[in-house]
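The structure under discussion appears below in the form of structure tokens.
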């Protein structure tokens, strides 16, 4: 409220109280001012009341909320349902213009500010989580896979003759489909086993480039976060190769923001070689609903080029979720949420299983399922279904030697990231594991009937 | 947001858009300014976004929402549940101080403003609905009956020797109990039948005053809104009597705000005689949840005296509901909600029943139930239960000659407001009636078995 | 949703997923079933989603939300503003009937359930916080003071000849007013100083009873929670006296639920003597908005009698707040919130002040302000204003020898609970104190000018 | 709640009331049952309470809301901010799987149901608004332009050798960019002027197909809704041509759902020729926030193919908005929102201007701005800025002969859909026009200074 309103209030309520109220309002405004001035994630969390105050202020600036709006001839920004209007804080216009998803809209100063500030705050988070030299980024209301597709489509305009994308294998469907959707042919590089770890086969990468010709590659498409025993790609070496052969390099950093190791790999890759863009999901990295991603990079012009490829205005919903979340957490709160690694006990060994040694994978762990080995795959499937009915999410059982065909390409040993694996594995995220399945020792009956496999879930810290 | 914040916004979004946004904000502020300046119900409805903006601004002024609040030693204004905080817009302090329910609280400039403005806006509504000379009022989070009790308790301090309250009979329990709860002895004046109408027996009133002595009466307790065939009390004549005998006069105006006739009666009563306070319910008059009332009067000092009788701080919830409702309706919207009288068709007669002629009752109508007359009361009870199971609310069946004892006092013919009535009646509110029960003509079977009474509900306009 | 709907869902989504969803729904229902079955505060907290599910279910049972509601002739339960409807979860009917604030309403099965369950859960909390033998209670949407008034008004019907209420002095306005509002004459018993503590003067109590006659006392009105150096009344001895003289006994337990000592005193008093009802505030005890209280007692009939004194239906808002809060905390969460006593450091002494020794007061502490002693009262006032502008709530400065007249009665030494105190004191709640004011040692300048008093707030743990 | 819970309730509240409540619950359930059974937009609107009940039920079925969820190793469906969780009704999982945006998710039966039902209800709406034979559709959380891109990318897999997209010119940036983003070369067909109308140049279309070879065209990309004087493309003739030459046909139906004429054109096109998919925006057609589209078609397999091209899971936010909106409107409410055409008065002529005669454009109208003709373009620009500052949205001024370059392609006469236009025009939507700008007659001063152009906005009905 402006000063005139405060003066009027003093006629109703003693002026010393009103002045204290005015001072309190200024404390909220001070936070908003700092946010706009610095464009950074605030150190300390904001209260929900400050967040709502801010969003209401933004909404008031959008034309659909103008009190004098005569709305000639348009349904622009009109919303039929009050439930819908409220759940979006009356920010209805989406983000971007037909020309550019990161651009400002004439009719929607508030929504435009929301978009700009969110991108700016997210850039700050990318920096303090490890990619210090990132120069530009934007939030896009599409899945990570579709966002990768948009990057590939943008590159096509720069390399109209390219047909292939070089891709070290990672067994996750949408990564693979992102290339096919963009109309390119993935050149799959199988990983090599080093100890327990599956790592990037750099020799094979270089061989393929020479075999097919660097100019025929749209880009290298590498990956950081993945399920063990695969580990993040050798980003530094790949980036150097890309620079050497003048091939663009797009990194799928899916859930990598939670790991300082993944972020460090990107920072290093860009320093010593070439990374054109890296893409990360919003949901797990920021704990928001599914459906958004961040496209980021080191060359502002290239990132701008990508944002200009999106034809039309886009949903502001993921941007709004990220902004609310970061303001209510603050930078300090966000950092606390980042993966706290937990030492897994010797639990596996006590039960005759082995934790695979994958030190390069900062996110996920894998355990052997040897005791199930001699038995048919049905036992493994049963374990999977037990996880499901016990409502255990975030862990999965990978049976030995499954073949899967994705959009015409057949992957042997699907979900183990390699075609030559030797046993079933139990795969789970490192950071919040609290239960692992343990086969009961007295499983003689097991030999007789698969349906008596007994599994307990033992709590570990 | 202040001008500095707008300047910062201009660095992110083109300044012409920001300036338009600023202008839009001013449009909301202008409405708030007018409200504070005039203290009146705005002519036009406010949008929900303006209402929420205003409430958020108020909340920010309360000390529980101070960002720098160190909260020494107190749970003052701390709320455990986020659900609870949000549903009260974080206005937690209630209204009033221990000394006065209408007073300003040091810790809560926002809640205090809410309280002041609500009372001021409600006063405006009382004026434009007909009691033009009302000088003071306040919202109290208690039922109408309990609010009447508070009025009586206040009067006791002025008339310490009084024992009786003179009360023209109205068959509604809480009115009667309000006097008993305050510790007084009601002197019940039975109504007289004039035509179909039950009206105040003024001769009896005067006779009782003389019999028991004016100085022994705490007050006259009259009623406006009531079910037909009772009609509003003869307020003018009662007010003149009160002035003449120097007896205070408290009017139960329960749902009378919906009727210009009731409001006019109060205005006239105060003009020609004496009315000390009139009390009305919040729920039906303002279409808000049950549980609040307005105590109003013509002598500011006396109303202040009542507000000072409430020991402690009170719930702000009813005040908040009324304020939100009046702002989102506007004066014009409120006026539209006021009772539109509907001409009831000749329906009753077509079915051999009679609509009682009660022109002085602006709110409620009554219809005979002659066809049920000759049968036992069970038929009437059955009709009542049919209304209930058909989810017909707002109408009731009054069986002939029911006796009911309320707090020790026995009322003959309860709910018909008189002890000598001749038939069952069907009683309903005038304004929104859309169905009335009609006995089927071919009800021969009825004579045989009560359980075959056939009733249809016929739509009327 | 019922089983038919789940079957239909299985046509759209795989039935194993739907069955898992159904099982998940049952987990919520199980919690609701237990609540209804046991009528107790659940041990563990409910998620907000369970709470909202439950409230929505209740709302659906109220007639204003009936889809087929034809609403004949009534505005019953109609709410004009969507904002208002939503903030009350569409529970609009309030609680109670005109006959009884704790009764069931025909039109509102959901609101009635809300009312019953809230009272039942609150009774459970009263028991586990220490008053194990409490037999009945109800939530009333009125301040503690007004609730005490209602108790006194109820007693009047039992003791029509009584004029006095015997009241050991406690310097809090609304306690005192609660008796005046009910129309009685407080007989003030000054406290006696024992060491640093102000305690009940039992001899004087007994003397007064004999002087004025037990039959002329409506009741004894004692107090538990209070600011130091006053300590809770000697409840056991008072209860024995009441039993001996056949005088009712009403206890003001304002904020006493936070202290097991206060609750224990009530339990003991009722065991060895007579306590008719005890009244506590909702706000600080349950961390909900201001404006409700609980009236509880050991004789179900008497508590029922009080609930029947409230004329009319009452606001459900405080009941709703309490229920939401207790469900989202759970019994365990509630217990954790209970006062954790903190040992106050030797801070006071380091600054030449003394912490008063008041071991019988479990809630509040007092510190001398000797250094301000020799100076005028203005210095004390200045300290108070510093607390205010620093947004320190929950602490207060009590200047020496202030006189205050409350409703005609003059209290010497107001706010110190005694008329003969010797110095200014600084008074604060025990439990959450984190800052206390400390006068700077080098306060020579102070002697010259009051306006240079320097005070720092030193953090204590 | 299940029957056991209702039984328990009967112990607290009279069983007849509880049974009425149970019956009321069934009324809500009946609506939900019908929705799931029929998969159609309900005829009558649902109350907000039914909608919220339904959404809460869906949310309970998602694994993130399972009370027993042990959440092993994952942040799956965990949301950091309560504000965010609530605004999505705790439906967090998005829609689809990595394999298919329309597929069911194992962990999220509720979100999956939401997705299925939304698509089913939207299909029903497409049918009753005119495209009776549409067989399949899905909501996608992307702009119309990006959704068109997805269609083109899908077609690429069917026609790997194609390079061109045949596109009758429409001056809207994102339509044009949708083809470039997908990596294709638009072949622009200039429109022909027939009377005042700009219509599809069929001869030129056929000529181009023959010139470049049908097999080299990915598809024809036609448009329905557009600004006058352009009118919807000749869909029937184009569809016949596509069938004849075996070229796919994608229709941009942007805002065409509001016009029965546009929908009829699509229905006819598919009947007599070939339409592979048609894409429409969510925002204006359903009055929801910007950022979603519907992709629909007549061959279920092809639509499924498109949905499988989206790599990853997508935001459920637009689906949720559409579902809430359609349920709260009902089919009848939706139909009422559909364009009510208003006869524009002879206003234009009274002011010396002419309304262009464009009977084939059901959505938009254009008016000449002859009086500005003789003056410089600055006058037109000024008029545009006046519209802006008067907060008139939905209308625009098109200056004569503006050239604009979009992604390298230069359009002469941009925004007039043709390169040879003769005058400035004022362009606005038909349906909700309420003000048009009118030049004052006494505009002599205008000749002297452009800055004194006087324009009034005259209300028309």
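Should a chain be cited, it is by its letter among A, B, C and D, assigned in written order, with residues numbered from 1 in that chain.
Just so it is clear, a residue touches a chain if its C-beta (ideal position, glycine included) is under 8 Å from a C-beta of that chain, and two chains touch if they have at least 3 such contacts.
Keep in mind the model is a prediction, meaning the values are calculated, not measured.
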{"item": "Most distant chain from chain A, judged by the mean position of its C-alpha atoms", "value": "B"}
{"item": "Same vs different contact residues, chain A with chain B, by half of numbers used", "value": "same"}
{"item": "Where chain A and chain D are represented by their mean Cα positions, the distance between them in whole Å", "value": "29"}
{"item": "Interchain centroid distance [CA atoms averaged], chain A/chain B, Å", "value": "56"}
{"item": "Centre-to-centre distance between chain D and chain B (centres being mean Cα positions), rounded to whole Å", "value": "48"}
{"item": "Sequence positions of chain D contacting 2 or more other chains", "value": "20, 48, 52, 63, 66, 68, 82, 106, 388, 391"}
{"item": "Footprint of chain B on chain C - complex, ascending", "value": "48, 51-52, 63, 66, 68-84, 87-88, 91-95, 98-99, 106-107, 141-146, 148-150, 153, 156-157, 172-178, 180-183, 258, 283-284, 286-292, 309-318, 321, 324-325, 328-329, 337, 387-388, 390-395, 428-436, 457"}
{"item": "Complex contacts: residues of chain B adjacent to chain A", "value": "1-2, 4-5, 8-9, 11-14, 17-18, 20-22, 24-29, 31-33, 36-37, 39, 47-50, 52-53, 56-57, 59-63, 65-68, 82, 86, 90, 104-106, 108-110, 112-113, 116-117, 120"}
